[in-house]
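Given below, in the form of structure tokens, are the structures.
In what follows, subunit A forms one complex with subunit B and a second complex with subunit C.
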Partner chain A sequence: MDRKSKRWLSAGTAVVLAATLMAGCGGNDKNGGAASPADKGPGGGAAADKPFAGKSISLVTANHPWADAIKPLLPEFEAATGMKVNVEGYFEDQLTQKLTVQFTAGSETPDVFMYRPLQEGKLFFKNGWLQPLDEYVNKDADYDFADLSKSAVGTATVDGKLAGIPIITEQEILYYRKDLLEAAGIAVPKTIDELVAAAQKLHDPGKGMYGFVARGQRSPLVTQVSSFLYSEGGDFMNGDRATINTPEAIKAFTTYGKLLKDYGPPGVLNMSWPQAFGIFGQGKVAFLTDANSLYKNATDAEKSQVADKVGFAPFPAGAAGSKPYNITSWGLAVNAKSRDKEAAWAFIQWATSKEIVLKTQEKGNPGARASVWDNPQGTTGFPAELVEVIKMSVKGGVDHDRPTVINVGEARDAVGEIVQKIITGEANIQPVADKANEALQGVIDLDKNK
Partner chain B sequence: MPYKWFDRNLKWIYVLPAVAFVLIMMLFPILYTVRISFFEWSMSAITPPKWVGLDNYLSLLRDERFWRATRSTLYFTVVALVIEVVLGVAIAVLLSREFRGKNLVKTVFLLPMVATPVAMGLVWLLIYEPTIGAANLLLESIGLKPLLWLASPVQAIPSLIVVDVWQWTPMIALIVMAGLATIPSEPYEAADVDGAGRWRKFTAITLPLLKPTILVAAMLRLIDVLKTFDIIYATTQGGPNLATETLNIYGYVLGFQYFKLGTASALLVLFFALVMGLTLLLVWLRKRVEGQYD
Partner chain C sequence: MTRRKRTARLILGLLTFLVLLAFAFPFVWMLLASFKTQSQIMSTDQLLSFKPTLANYTSVFGEHDFLGYMINSLIVGVGSTAFALLLGLPAAYAIARYHLHRLGLVILVARIIPGITFLIPWFILFSQVKLVDTYTALILSHMLVGLPFIIWIMISFFEALPKEIEEAGLIDGCNRHQVFLRVILPISGPGMITASLLSFIFSWNNFMFSIILSGEKTKPLPVAVFNFMSYAEINWGALMAAACIITLPVLIIALLAQRYVVNGLAAGAVKG
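So, the complex of A and B:
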């Protein structure tokens, strides 16, 4: 390389470096490339009827039927308000992870997001990531906040503050195969004992038929064993005391574990709801207990070979009656650092208004508004039989389906271990339960300092 | 004037981007992790991290679950690595001969490696499904009893090893094939003259000359197997009953499910030390092997 061109090279390098540095600085002024508004020109100039003209919010959803139902309705909202809504969707686990990372970094986005009040609600709220919504909900009388079910709102409340607005409610129910019960002359089980007896009768592994299936994976099973626990008169905790080693708890866990061990298909230990519904939909199982909000997995002909043979029944009764969980599984919340909380709230107010909840519920998403459930149109999205079961389940329901602590993950694992040990055939379960109870107590005790 | 300065420092300026990248994207996160490992922190914006000294490390060392994860990690790593190296070398030697359709076979062998691990995890999850999966269909069709695969605490790790072997043996084979290409032909000709058989040629010429290459391949693979996360998380999430919970999975659970960032960081620091230690061991081994031929 001769002297002259080398000099040019140096000069060029200097310029390139300087430009890169400046570009880098410029990038830092904005709040992350992906979330920056994508609107090229604000829609329309009539500011009066479009209070949020030119503004935009980002919405992060789970990959959930509710998100699929709300997306087609967004253009209408955007046209009415002038606001642009940027949507991103994630699977449940990735959603928690993404939100956690973004909030830890103090990000102003997303403005609005779906979250699971019982799973992350307490932690998110106590970490200061959620904007309390108490002062917003009563601003507009037409919104009619009192119309939202009390237990659903209770689930979304932390330390007396409203952390989010419920969008999906669910209860645990019993799914069964109408044809099999009819052929065997068995009545639909009304008690847990009847369920065990019926599962035993219909269990015929030699012919590839199994009596019962439900979630068997350590953490996922906890929510579904909860209704067994309540119906036998137990709970995860009593005040500040862990109670998963009481006789009632052991009885409930044993019933659930033994149903899966003795009358379940092979491999239940690695099953969450997709696998459980999958094998039920293959027509290989007689009974399934899980959330009613997932019913489409059993009745959709594309996913299920027994779509027209599925029956629904209220959760069977134990020693304390039929006590399924009745909870808010998903809510919408506002980022405490959101730049435009008014716009964020305007979106939630719209998405959870009577009119829109009716529309999302018509597509099979059980909402939290009493008026929509009372409206005949509001139940058209569900099989008539299921509507009856839902109405019954809501009455006696319990407002949580897992230990209500900050560190839900660790608490769930403690409970799940007991049930998994039963499924793997551990005969002496009391010491396992005592140890798990100690672990759960540790999680509860940590909460007190926060 | 500035030209002259640039001129003199050109060599530094050119490595600057790479150095900056290493500092910002690699060194900083590691140091930050080490720092957090001395704190108790749930990522709260309200409660700041609390200094707890070595508590996180001590609680881990007393934690049964940590030791269980360590054992699972080593079990998975050692078995998978040994099988992959043996099979990888065998495949490389077979593929180094000339035969018809060689390129096609080579390409097919490399396919598992380029597939997305999470997608492959989901495919294997279906294959291993005890009731409707292909694995049990195959077993039953040859008259064997069906297995539980991933749903059994005992069979879960071996099942995952099969997936890892299926996916990553090609990488060892690829590296070893490159090594085979560099072996000169003279020793073989000399061996022919001396009347050595095929097996003798393999053990006395091919293997010794390949040793450095095999060790490099094993080292690269070792680091990756230890860190395996994707296929385990996609298939079992560490279950059933923690049977497949490796250190990496436990770290993820501590961080993103229990939100114990301090403990998770301490675990990752210990894990880093383990990976480092095993890697240095292999480096040392390689030096010794290479020293033999100096």
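So, the complex of A and C:
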């Protein structure tokens, strides 16, 4: 017994000693411990026009064209304020993962970050990780908060509080092949019924030509079926009640599912936007409905063989008219634990000001400011035809494209289930929809207790 | 007779080729795609015949500084493996020679617990001592998997070595430490190579620890690969070029080391 514990002890001591030794060595290969910049108080002669001299904030972005557009403008901001902005960028799923771990750990960094209001907004906000920005936005009259689109601001609002500032907006539109429609003498569909008829007419699988394509993967399809749902007069939920088994909802899901089942390319169940745009870009499909923000995948000659033959149209109208989603896909938010919220807000105020939004929008990032869209210079980053479509889509849009709950993943699965069953040919869809509705209700009820 | 043998060999060769084709296809596709443009990748007509382009590779090294990420990965991979060897070899020897199997089990538990459970505590600890985005944090975290790996491979290796060799060393006047350093380690090459190879490959491919604990300065390859995926665009060509570049070193090391592992194993089978 005694000998045994001695062995334990000696082996344990050896390990601990070696570990300390190694930690010492590890510290030497990089002076990480002393890397923190002097971020306390202004350094030396801070002039009044440089209110944040000597301070620094950290900004985490997604891999997004907006980030590429804002980075070259940062030196100007840093020179004007004296603040240093440290930028890091990640792919969107990694970004969520990293932010979630950091916030769970109560991290003070990053100060400002890009986030997806509809995907993570509710989760982040209800956990108290986001600083509500209501009192900040009206501090400076020049900022003109009212200029931001109501629908976009609605997307970024949780429980009546402003969780973030919209930077990127998007709407669902109809992409079509001009040459095919012209050759067949078909007018651009204005209603969903016309779309179905046109897709049927152009569908010719024997020649490798398909009528319609859109996302068919369970979770990704939810956002794109939403415009069908709204245009038929439905929605995912009404107050606290799930409403995906109503007649309107079933009609919308059936239209979407049948379009893919009857006039879609093979393998559509495994398609998200990269595959859908891929096959559209191969010139094998006549119609595609998806977000306008993805248009370059169809019109860039590097990616698409039909780059010069793509037309844009507003989302076709259903029983309730044309009601595409019109949402904020990305926003900027402030970490509730940030040590310098004034500096963080100063950055957001600058990055979402009229002047800077104009500059980022010129590079093809659709912003939320009406004044920039009305400015001819603000639309130079987009094809003229698309600008018209966007201006029309913004008018009747709905401010969400998925159920607005905390556990978005499960809610999306419930909705996606119904559509997938239709694509695979399930004839009796009501029981499937009832079951999915129950699942969605479960997700909503969980939210109420928080 | 000979003809039957020949046909049998032919059939075997053909089957081997078919199996190989099925297994190697993803790699072949990856290699081909890295020389294609986006529109060529999406097209099924141009699977094998296409006009190759080097644009993806120039973009990977030019615009995205993959060399820097590669160096990061190399520092962390070599560092974590070296330190894991430093700690793991003596530990494995002690466990093997003094039959400390319970200790061995405790070490194994660290490997069994899903890595993600460590991440939040680690992030809190590392951010308090300001080690996030340093090589130290990455090396330490990668050792969590590398160390048990090395210990467990080396335990069975050391146990298989005949005691007589050590006794001979002791009789010739070595003490325990000298026996370990001068007798045991020199004949443990094959085991060490296998163990460090696996530990290095783990670190080279590790994504989860790296994404949370690295930053702009220390971003390793698996995290950097995602630079080619963004919100509205996936750059498949560059993504595949990057994947080829990541796979290549591991492939080369494995091929080179394989010879040593096999040779060494035969040599290590000691005459007694």
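Just so we're on the same page, the second predicted complex is superposed on the first by the 403 of 450 C-alpha atoms of A that agree within 3 Å, B and C clash if a C-alpha of one lies under 4 Å from a C-alpha of the other, contacts with A are read in each partner's own complex, and residues count from 1 in each chain.
Simple rule for what comes next: a residue touches a chain if its C-beta (ideal position, glycine included) is under 8 Å from a C-beta of that chain, and two chains touch if they have at least 3 such contacts.
Note that the structure is a prediction, hence the values are computed from the model and not measured.
Chemist: For A:Ala79, select first, second, both or neither according to whether it touches subunit B, subunit C, the two together, or no partner.
Modeler: A:Ala79 contacts neither subunit B nor subunit C.
Chemist: Check whether A:Lys126 is in contact with subunit B, with subunit C, with both or with neither, and answer first, second, both or neither.
Modeler: Touch partner of A:Lys126: subunit B, not subunit C.
Chemist: Does the superposition put A:Thr104 against subunit B (first), subunit C (second), both, or neither?
Modeler: In the superposition, A:Thr104 touches subunit B and subunit C alike.
Chemist: Check whether A:Ala146 is in contact with subunit B, with subunit C, with both or with neither, and answer first, second, both or neither.
Modeler: Neither partner.
Chemist: Quick one: is A:Asn270 in contact with subunit B, with subunit C, with both, or with neither? Answer first, second, both or neither.
Modeler: first
Chemist: Have a look at where A:Ile279 lands relative to subunit B and subunit C in the superposition and call it first, second, both or neither.
Modeler: Once the two structures are laid over each other on A, A:Ile279 reaches both partners.
Chemist: A:Glu417 contacts which: subunit B (first), subunit C (second), both, neither?
Modeler: After superposition on chain A, A:Glu417 lies in contact with subunit B alone.
Chemist: If we overlay the two complexes on their shared chain A, which of subunit B and subunit C does A:Ala183 touch? Say first, second, both or neither.
Modeler: neither
Chemist: Count the residues of subunit A touched by subunit B and by subunit C, then name the partner with the higher count.
Modeler: C
Chemist: Could you say whether A:Gly208 touches subunit B, subunit C, both of them, or neither, answering first, second, both or neither?
Modeler: first
Chemist: For subunit A, what residues appear in both contact lists, the one with subunit B and the one with subunit C?
Modeler: 7, 11, 14, 97, 104, 106, 279, 282
Chemist: If we count contacts the way the header does, which residues on subunit C are in touch with subunit A in the complex?
Modeler: The contact residues of subunit C facing subunit A are 37-39, 42-43, 75, 79, 83, 86-87, 90-91, 94-95, 98, 100, 103, 119-120, 123-124, 127, 129-131, 133-137, 139-140, 211-212, 215-216, 223, 226-227, 229-234.
Chemist: Subunit A touches which residues of subunit B in the complex?
Modeler: 2-3, 6-7, 10, 13-14, 16, 42-47, 129-132, 146, 148-153, 156, 235-237, 239-242, 253, 256-260
Chemist: Which of the residues in subunit A end up touching subunit C in this complex?
Modeler: Per the stated touch rule, the residues are 7-8, 11-12, 14-15, 18-19, 22-23, 25-27, 29-30, 32-33, 35-36, 62-65, 86-92, 94, 97-98, 101-102, 104-107, 109, 274, 278-279, 281-282, 291, 293-294, 296-297, 301-305, 329-330.
Chemist: In the complex formed with subunit B, which residues of subunit A make contact?
Modeler: Within the complex, subunit A touches subunit B at residues 6-7, 9-11, 13-14, 17, 96-97, 100, 103-104, 106, 123, 126-129, 208, 216-219, 265-271, 275, 279, 282, 284, 336, 406-407, 409-410, 417, 420-421, 424, 450.
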